[in-house]
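All remarks here apply to the structure that follows.
We just call them A, B and C in the order they show up, numbering each chain from 1.
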Amino acid sequence: MSTEPPLLLALDLTGTFAFGLNGALTAVRAARLDIVGVMALGMITALGGGIIRDMVLDDLPPATFRDLRYLVIAAAGALIAFGFARHLGRIGMPIELLDAVGLSVFAVTGASKAMEFGIGPVQAVILGVVTAVGGGTIRDTLVQQIPSVMREGLYAIPALVGAAITVATILLGVYGLTAALIAAGVCMVIRVLGLRFSLNAPKPRGVHPDFGD
Amino acid sequence: MSTEPPLLLALDLTGTFAFGLNGALTAVRAARLDIVGVMALGMITALGGGIIRDMVLDDLPPATFRDLRYLVIAAAGALIAFGFARHLGRIGMPIELLDAVGLSVFAVTGASKAMEFGIGPVQAVILGVVTAVGGGTIRDTLVQQIPSVMREGLYAIPALVGAAITVATILLGVYGLTAALIAAGVCMVIRVLGLRFSLNAPKPRGVHPDFGD
Amino acid sequence: MSTEPPLLLALDLTGTFAFGLNGALTAVRAARLDIVGVMALGMITALGGGIIRDMVLDDLPPATFRDLRYLVIAAAGALIAFGFARHLGRIGMPIELLDAVGLSVFAVTGASKAMEFGIGPVQAVILGVVTAVGGGTIRDTLVQQIPSVMREGLYAIPALVGAAITVATILLGVYGLTAALIAAGVCMVIRVLGLRFSLNAPKPRGVHPDFGD
């Protein structure tokens, strides 16, 4: 992690903070949790995607365990959510924007790390998406909700685009800070447009689901 | 993977396709998902068991990430389920049979890979079962259902028998393509008989469960 | 594991047995499972925390797969729960005490193993807690309940204290069997006091959760 450009590292830590804060806040809203649950879910949201990525890449212990800053910043985000849940609930949009930063940065750094470890371009794109959405997926599952990434909005798709741009620029030999920022920026723009205009990914047709079994 | 006999590889890829198709279809029925959710759940069902197995065996990145065919075939199965969910819903039995192929092959290849990595016969049988049922368990959990393998039907038990025959023939030094096919065949027969006659594993007696808490 | 003092090993196996028994029993109460589900959940409760710990520490295959005794003892606990669920349901307190032994021992051995692998004191404390509560968290998620550790009672907090004492004594160079027993004992006392007086961790204020979405 220490060889990352400072801007990317700063963005990565910003994303970790945003995911910690937003993850804990989402958890607080979805279920009656105590401080242990709120802290745990904020940290899982912030660190879960990166831990899965590093397990798949066999880069263990995960980066988020080797570099204490990630743990501290994720915990700080979760703690703020615990203390100010009521007030933060009123200011939805800035938090969604912070979350979009996390999504964008994690998609890019996840895909580029996967390429560094040489696992093939298609796999690297998938692992970028997993890094970006993995933490939130675990969080939703733990509070007994079907992961929102699987149901509504545009969340995985901007991450997919960001990861694909990252991998394409690496294959073309033009990856660098500029390319990383462009990839993250495109992901961010799609995500924000999706939020603004309530866009959804297509759904299967003619299925009448029977909830429960 | 490249040293596997072609027939076993073909069966393994058939199982991956079947699990991708059936996993996505099950997910579509259980919950209102978009294309991201359907694709993700199909691929998780197809690849999840093998990824857990390879993490436990420390064979990382998982085989399903090293060999692109697994990812492509799992995605193809999920995509077909997304496009034809309505039609596929009407033809239950052939899909159950395909799923039984996946269960049988994964139990055998999971157990034999575990023996190759030298983790002991009892553990290899368990890991064969985990390979066979792991993907479906993650899928059910993500769509907020108690994993069906834990509640009804004969699903883990045929996998256990198939994995045990595999390990026994390896210990006896007679494991090969024939033994693998016999082990998978026995698993398949038990699974299909269980479906045909609605057999269930025993349940604990005299418990009055209180759902929720 | 073979270099562990016999008393710690005995406690670790006691904890594994207790978690297998109590995990299976909790699962039986929460959902209508068959023998496959009860055995699987008992074993996941008993072994899950240690498997996550060993994956994070890159000590694979996990210790619980290398040493057959853990698997056998966890399975024995789960099998007893399956056979005697009705009778065991009546004797709550001794089972809670056994569970507290598991919690205490796993927090201590989890944290000390993490320190051995050199991942830093804060991370070691967190991994001690994860070892202690991880199995039960997976169990609750699989039976579709929000993990009780995140909602009520004092469960993660005593584990945190036990893990912190362990790490502190290692840093001070005074860790040994006595220190381990003191750390586990403190964890156990806090847990039992929490049960006795129905203590809870603090909850966020002024949040009106909307269950479901």
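To be clear about the criterion, a residue touches a chain if its C-beta (ideal position, glycine included) is under 8 Å from a C-beta of that chain, and two chains touch if they have at least 3 such contacts.
All of these numbers come straight from a predicted model, not from anything done at the bench.
Asker: Touch graph of the chains shown: is it line, ring, star, complete or other?
Answerer: Per interface graph, the chains form a complete graph.
Asker: Please tell me whether the contact surfaces of chain A and chain B are same or different in residue numbering, using the over-half criterion.
Answerer: Copies use mostly different positions to touch.
Asker: Can you compute the centre-to-centre distance for chain A and chain B, using the mean CA position of each chain? Integer Å is fine.
Answerer: 29
Asker: Two or more other chains in contact with one residue: find those residues in chain C.
Answerer: Residues 55, 58, 141, 144-145 of chain C each touch two or more of the other chains.
Asker: Okay, in this complex, where on chain B does chain A touch?
Answerer: 28-38, 40-41, 51, 55, 58, 60-62, 65-66, 68, 71-72, 82-83, 85-86, 89, 141-145, 148
Asker: Which chain B residues qualify as touching chain C in the complex?
Answerer: 55-58, 117, 119-120, 122-123, 126-127, 137, 141, 144-147, 149-152, 155-157, 200-207, 209-213
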